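For reference, the structures are reproduced in the following blocks.
There are two complexes below, and they share subunit A, which is joined by subunit B in the first and by subunit C in the second.
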Partner chain A sequence: MISLLLILIPLLSGIASFFFKKENAAKGWALLSSFATVAVSILGLTILNKTELLQFKCNWLPGLGSSFSIRLDGMGQLLCLLTAISFPLIFIATWNRTYRNAHNFFALMLLSQAGLMGVFLAMDALLFYFFWELALIPVYFLSSIWGAERRIAATFKFFIYTFVGSLLMLIGLIYIHSLTPDRSFDIRSFYAVAIDNKTQHWIFWLMFVAFAIKIPVFPFHSWQPDTYEQSPTAVTMVLSGIMVKMGLFAVIRWLLPVLPSASFAYGEKMISMWVIVGMIYASLLAWRQDDMKRLIAYSSIAHLGLMVVAIFSESEIGMQGVMIQMFNHGINILGLWVIVEILERKYGTRKLSELGGLAQKAPAMAIFFVVVALANIALPLTNAFVGEFMMFTGIFTSSMSEYEMITVPAAGITIILGAIYTLRMVQKVIYGNTNALTETGTDIGYNEKLVLGIIVILIIAGGIYPQAFLSLTEETTKFILNEANIYPSLGK
Partner chain B sequence: MNALIISGIMGVVMMFSGILLKQRSSVRAVALTGLFVAIVLNVMEMSGFHLFKIDITGMMKFDRLALFFNTIAMGCTFIFFLLSAKEMEKVGLNYSDYFALIFFILCGIILSSSFSSLLILFLGIEIISIPLYILTGSDKRNLKSNEASLKYFLLGSFSTGLMLMGITLIYGNSGSFSVEVIAESISKPDVKPGILLIAGLLLLMFSMAFKVSAAPFHFWTPDVYDGAPTVFTSFMATIVKAAVFIAFLRLFYYAFGNIHETWKLIIAIITALTLFIGNITAVFQQSVKRMLAYSSIAQAGFMLMAILALNASATEGILLYTTAYCLATIGLFAILVKMKDYTFEGFNGFAKHQPLLAAVAVVFLLSLAGIPLTAGFLAKFYMLNAVIEKGGFLWLVIFAVLMAAISVYYYFRVIQAMYFKEGEAQAIEVSTSFKWTIGLVAALVILLGVYPQLLFSWFYF
Partner chain C sequence: MKNVLEFSYLIPLFPLIGFLITGLGRKYLSRPLTGIIGSGVILISFLLSVWIFFQVKEGNSGVVSYFNFISAGSLKIPFSFQIDALSSLFLLIITGVGFLIHVYSASYMHHESKEHFARYFSYLNLFVFSMLLLVMGGNFVILFIGWEGVGLCSYLLIGYWFKNTEYNYAARKAFVMNRIGDLAFLIAIFMIIAKVGSVNFGDVFSAEGLQKLAPSATIITLLLFVGATGKSAQIPLYTWLPDAMAGPTPVSALIHAATMVTAGIYMIARSNLLYSLSETTQNIVAYIGLATALLAATIALKQNDIKKVLAYSTVSQLGYMFLALGVGAYTAAIFHVMTHAFFKALLFLGSGSVIHAMSGEQDIRNMGGLSKKLKITFFTFLIGCLAITGIPPFSGFFSKDAILLAAFEHDERGKILILYSISLFTALLTTYYMFRLLFITFTGKFRGTQEQEHHLHESPALMTIPLIVLAVLAAIGGFIGIPEVFVKGGDRLTPFLSKVIATNHEPVSRSTEFFLMGLSGVLVVATIIFTWFRFKNYQPKEDKGFGKVLENKWYVDELYDKIIVNPLNKLAGFLNNFFERFIIDGIVNGVGRAVNYSSRQLRLLQSGQVGSYVLLMVLSILLLLLYQFFIKK
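Here is the complex of A and B:
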């Protein structure tokens, strides 16, 4: 019931929003709907945390062996919570923005939320694919209609990229489906199916390309900076905070346990190596960026890359680190985008070279900015530290890993680079002398203080007391690793 | 059988209605009523009600597939009439004759979807083709229409010749026109099929490929579709094509299913070629009408996969595919026919002036591109599933999805023009009833995309 509500609330309120006439009414409606989703999500975590309430199943396409089956497990809880929390924060942070045809804007935002929820909840491969695309279509329209100047080309590139990826994934899913003994798309049949090594290897690539594009993993990342830059900031927040997690999530849920031996064969040796190359490359690019949106986009590639490496290390602590880091990264990057949104609205620019001296003019913003930036570097006491620490431990101690002496130091370099580019950004924006543009700067308003305040609380709470998240994801982690276990076949 | 006779009678009635009825709206009303009666009787036949007791053993077989497809074809024609019948007035003066010709085509469709003798197949295909030659050239003062008609007639007769030749050779081999006898003559695994049969099979395959505009027999399609009056393009690119596909599937399933292994590679190559040429050429078009012509070739490539797979999910799949494709393309053409400028630029700023029509056009385009939540996705899914179940043609499946990704480029160009580009949209007139109808068609496309059981529960009545 809870799980069904998480999809239905945004879906139905999104459709209803198309029929609103006034902008403020649509805004208020969207905010109300997103609060309702948060409430349901928190209820599902606390009071109504019973198995029968968290799952829902009904017939859908019996001829194909597919059913409408959704369930909240630990990882799903966490990501649904992230999706639920992000949307009201996004709506409040961008409250002062006006959009042409605002009712359509908010309708599409809510529809994309429904799609995202569905991806995290689906326990049926075909249903998963459905929601995977459903999340993409509204975002494509949002970016193409309300984006910046080069929006049409940039978002189309993004769409084609992800669409090609998902079609290849679809072939993979159908092929696995044809191998299951009961011809079913159910996740349990997928986990139970035994696929010989040779077949696993090419199915792995079909599916991994889709996820790699979404994450994005170098060299499939070229859509990302352009799309982040050209999308309206509210959409960039959805894209970078939540949507990219779809890729990581899918690797954990649909790739590792289904194709364990191929994941082991490629994940450790090949993918980790090239992801690390991509991380260093993205970090260096981030260092040289002048546009804040592009800088954060590249920094995101580096952060997500580390999560990919940790996933393929297949250790319990690393995997748990990934799960909570998916949540934390979502919160942190949301904080950064809120700052960018404020700067852009106030000063009309995102260029580091044109900003400066804002600590004097906007002290409250400066404090929030520094905290969020420190979280982006993963300083102790912030949430990201916990996640990154666990991931590094996982990679280092993993019994699957044969190259940890190379991977860990190489990935460690990106942490240092992360500090360099993040602090450079902070320095250029808030320190130094004011210039003609920032001379007249003012501090942030109440709604922005509220959003940034919540984000900072989440950052610090996650840094001090991660236990709640750890116990939430423990069961899923063990289950996934058990399914992905190839020790019996390896004879270790 | 019921529907065949009713639509035959309706064809004659419509021919004379032009003399008796002065009002065009009453001509339209008669046609819609007649078609509605035919649909109802056909649905009743599905549950065993026969209006006429005629012995058709050995000639035709109104099995589940035939009856069900006839319902789909006539249902789509009904929608086509509702949406575009008014536009036929603009083509020429002989309004009622156009309806008569369409009813005759429906007769041909019913014949060719239910044949069990090659003679009936030939008759069906010819009864479809000859009225189409006329409809293509019905815009008499337009040179392009004349050219298209002549081209279609010449090439069409040529392919008919091929088909006759093929039937003759097969008759020479098995001594019968009946598909059952033909199938039996090649049912023994140890006996190799004779050269006469193989030659006949290939000729039949090529002529059918011509009729469904599969590459490399597709050259007539863009010119004919482009030259014909847009209303009739809409009819021939959808319902007629779907019917020929069902005939194609029936022929190769019932007659040549036993020697599937010998001809499947040729079909696979034709499929790949069709997908490639249709999609790549569509990318370069400047006119939406011509783009839809190439898109119909590309979609034919996907439908050919059913003939390659030839299993249960292929049959279900082709029924869903033809429905999805017909609904989406008829809907798009219904909007297109109201516009003056057929180029992509003509759609600039369309969403601002006609928000509802733009929204439904998006649904149709997404369906053609095969995006989930629309019928087009599940249709493509069934096809891919059928080929993967068949096994051995994974290269084709991967190739097909890459081509589907290319198709996104040209379908989305229309969406981009409508929504993201500024421009003076053309003023077009739409009635409220048109808006309702097309809105319902779009809703149907989404409904079939979410819950196709709706369609299949009819199939397994």
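Here is the complex of A and C:
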């Protein structure tokens, strides 16, 4: 019931929003709907043990062996919570923006939220695919209608990229479906199916490329900086805070346990090395960006890369690190986008070369910015440190690893580069002297203080007491790793 | 009954509360109130530390665990504190010296606006909190939290005057260079987890833990040492510390002299059992320490900024401490940390008093003859100089002597007196540059502007009282470690630390020890006299040749820029401007264009004419048949 509500609330209120006339009514409606989702999501956390309330199943396409089956497990709880919390924060942070045809804008945002919830809840492969597309299509419209100047080119690239990916994934899913003994899309059938090594390997690449585009993994990343740059910031927030997690989530839920031997064969040796090269590459590029949106986009590529490596380490601590880091990264990058949104609205620019000296004019914003930036470089006592520390430990100590003395130091270089580009950004924006543009700057308003305050509290709380989240996902982690384990005797 | 040590969480808690109050209330708190709160919380921590110290002295030490910080799989990392001789001693230094510097700051920073004044105090409180976490942490992860925390505070305080772009770069440089060391530290932690499965000091340094670590002790200790070179400013990562002088002077005293930079020494002393497993690492530590001590001392000879001289002197003294660690004299290193905290904090605060009197001037070429107007500052500064050069019975004598002696003992085993002779030579350089600084600043004629001369005044009591207290400590602080040759049982430090630090050295003979002390004493006094004749009538002049190389710090910064920073920058530029644009995006767009093109061509096939469809069908069937017959056998 809870799980169904998580999809239905945004879905129905999104459809309803198409019929609103006034802009403020649509805004208020969207905010109200997102609050309701948060309430339901938190309610879900409190009734962990009553599984009958957390799952829902009914017939959908029985002929194809697919059913409408959704369930809220630990990992789903965490990601649904992230999705639920993010939307009201996004709505409040961008409250002062006006949109043409606002009712359509908010309707599409809510539909996308429904799709995201579905992705994290689906326990049926076809249903998963359906929600995957439901989450993406509204974003395509949002970016191409409400985006910046070069939006058409950017969203076209994004569209082609993700649809090629989706198609590859669909082929993979259907093929696995054909191999299941009961011809079912159900997740249990998918986990139970035994696929011979050779077949596993090519399906693995079909699916992995699909998810790699979404995450994104170097060299499939070039849609991301362009799309982030050209989309309205509210949409960029959804894309980078939550939507990129779909790729990671899919690897954990639909790739690792379904194709264990291929994941093992390619994960540690090939993909990890390649992803780490991509992390360093993205970090170096982040250093040279002038546009904050592009800088954050590249920084995000580096951070997500580490999560991919940690997933393929197939160790419990590494996987647990990925779980909380998926949540933490969403919160932290949201904080960065809120800052970007404020700067862009007040000064009309996101260029580091044109900003400066804002610590004098906007001290409250400067403090929030510094805290979020510190979370971005994973300083201890911020949430990201816990995640990164656990992921690195997992990669290093995993029984799957053979090259930890190469991979960990190489990936660690991004810790140093991360400090360089993040502090460069902080310095160029808030330190130094004011210029003609920032001379008349003012501090942030109450709505922004509220949003950033919540984000900072989540950052610090997650950095001091991560155990609350860790115990939430522990069971899922153990289950997935058990399913993915090709040598039960190796079990570590 | 619960162990009273559980209340030790109050020690870091008070500075944290101070940070929150002064930080959040910066718009509402008046400056005196901020000063009282900011210093008051440190005073409370100090009193608690004294209490803890006596608990430890009576034998009540141990680990207190509060909650599980991270627990996943088989790894459990508790949030725990280790209260023992080593940490309790550091607690006293941090909170004691820290309190004096807070009091001093209240007066030194009085011209700042209310908000910035409170911001300053909140950073300072946060620093003390982090530093306390660092030394109290019961495992490597809590230590690391404090470790990076102090790095952050250092970054914030170096860049405290954030309008100045140069200061911001100095702050960033400090953070990034520390991060390089931190990465090595982290990898060492991962290795320890991989081998022992725990990060708790109790497990890692147990007989069983050490046995598991023994095969890779060298690499782990080296990585930890790289971490220490970042935080404690040793070759090759020392160049951030002199630039860190951009921060307010009391910050230099507290963070960049007395406490934070000794974190590396603390960490290695804490891991002494592990370090003792690897002779290779110990030798590297000793030689890096020695090289740093010498290099920094040579640079200090030619610096003209009063704070820069003290900064290089700090790097050099830290080198001594690493030398001590490397030769296994852990207690001597800790002893020197303590005395150095007293006299270097004193010297820095004294320089602050000078800068204050000179209305912000830091160049000693524009000073001179200040002893007449700044009597207290001069006398306390003189005591600081006597202490750092090791004139008996000032504190530096005892601790430096212990290090020199340990170097000599180490040399005796290896039959060449290299460590001892170079460290003695460095001690003479130290004497030279410190007394050069003293004479140029305080004696002779005043060389500044008339306006500056008119403004010259002794600092207010809030600044001079900490100077006097520190001067007393710098004078008598060495008496807790009087060598056994003078007084039987005079060395109270070694027995106190014996539970944490294993000592296993054969002492040299009494006569040798007396001879060595006499030798260094005579040479140091001779150097002071030599320096006096050189600088009593000082006139600034341009340096040439080798002097210029020293003045420019051996061009190390320029070298780093050339071989690391610039190439990396160029590579990033190339990737951004060429690779990303033309290769990655080029391929993507190329694929797009190819699809576009081919679909346009393919469109011709769907002409709608039945005839062409039939033709294609027939051709395809033919191809299939050919495939079946000839290729697929």
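Miscellaneous remarks
Following the convention adopted for this analysis, the second predicted complex is superposed on the first by the 484 of 492 C-alpha atoms of A that agree within 3 Å, B and C clash if a C-alpha of one lies under 4 Å from a C-alpha of the other, contacts with A are read in each partner's own complex, and residues count from 1 in each chain.
Simple rule for what comes next: a residue touches a chain if its C-beta (ideal position, glycine included) is under 8 Å from a C-beta of that chain, and two chains touch if they have at least 3 such contacts.
Model, not experiment: these values are computed from the prediction.
Legend: residue contacts after superposition of the two complexes on their common chain; A:141 is shown touching subunit B, with no touch to subunit C. The larger set of touched subunit A residues comes from C, when the choice is between subunit B and subunit C. Of the two partner chains, neither subunit B nor subunit C is touched by A:332. In the superposition on chain A, A:152 makes contact with subunit B only, while subunit C stays out of contact range. Of the two partner chains, neither subunit B nor subunit C is touched by A:3.
Legend: residue contacts after superposition of the two complexes on their common chain; A:287 is shown touching subunit C, with no touch to subunit B. Contacts of A:160 after superposition: both subunit B and subunit C are touched. Of the two partner chains placed by superposition, A:189 touches none, neither subunit B nor subunit C. In the three-chain superposition model, subunit A touches both subunit B and subunit C at residues 160. Those residues of subunit B that touch subunit A in the shared complex are 313, 316, 366, 371-373, 377, 381, 384-385, 388-389, 394, 397-398, 401-402, 404-405, 408-409, 412, 416, 419-421, 451-453, 456. Against subunit C, in their complex, subunit A makes its touches with residues 157, 160-161, 219, 221-223, 281, 284-285, 287-289, 315-317, 320-321, 357, 359-360, 363, 374, 379-381, 385-386, 389-390, 392-393, 396-397, 404, 408-409, 412-413, 415-416, 419-420, 423-424, 427, 430-433, 465-467, 470, 474. Chain contact summary for the complex, subunit A toward subunit B: residues 60-64, 126, 129-130, 133-134, 137, 141, 144-145, 151-152, 156, 159-160, 163-164, 167-168, 170-171, 174-175, 177-178. Subunit C meets subunit A in the complex at residues 67-75, 115, 141, 144-145, 147-149, 152, 155, 159, 162-163, 165, 168-169, 172, 175-176, 179-180, 182-183, 186-187, 190-191, 193-194, 568-569, 571-573, 575-577, 580, 584-585, 587-588, 592.
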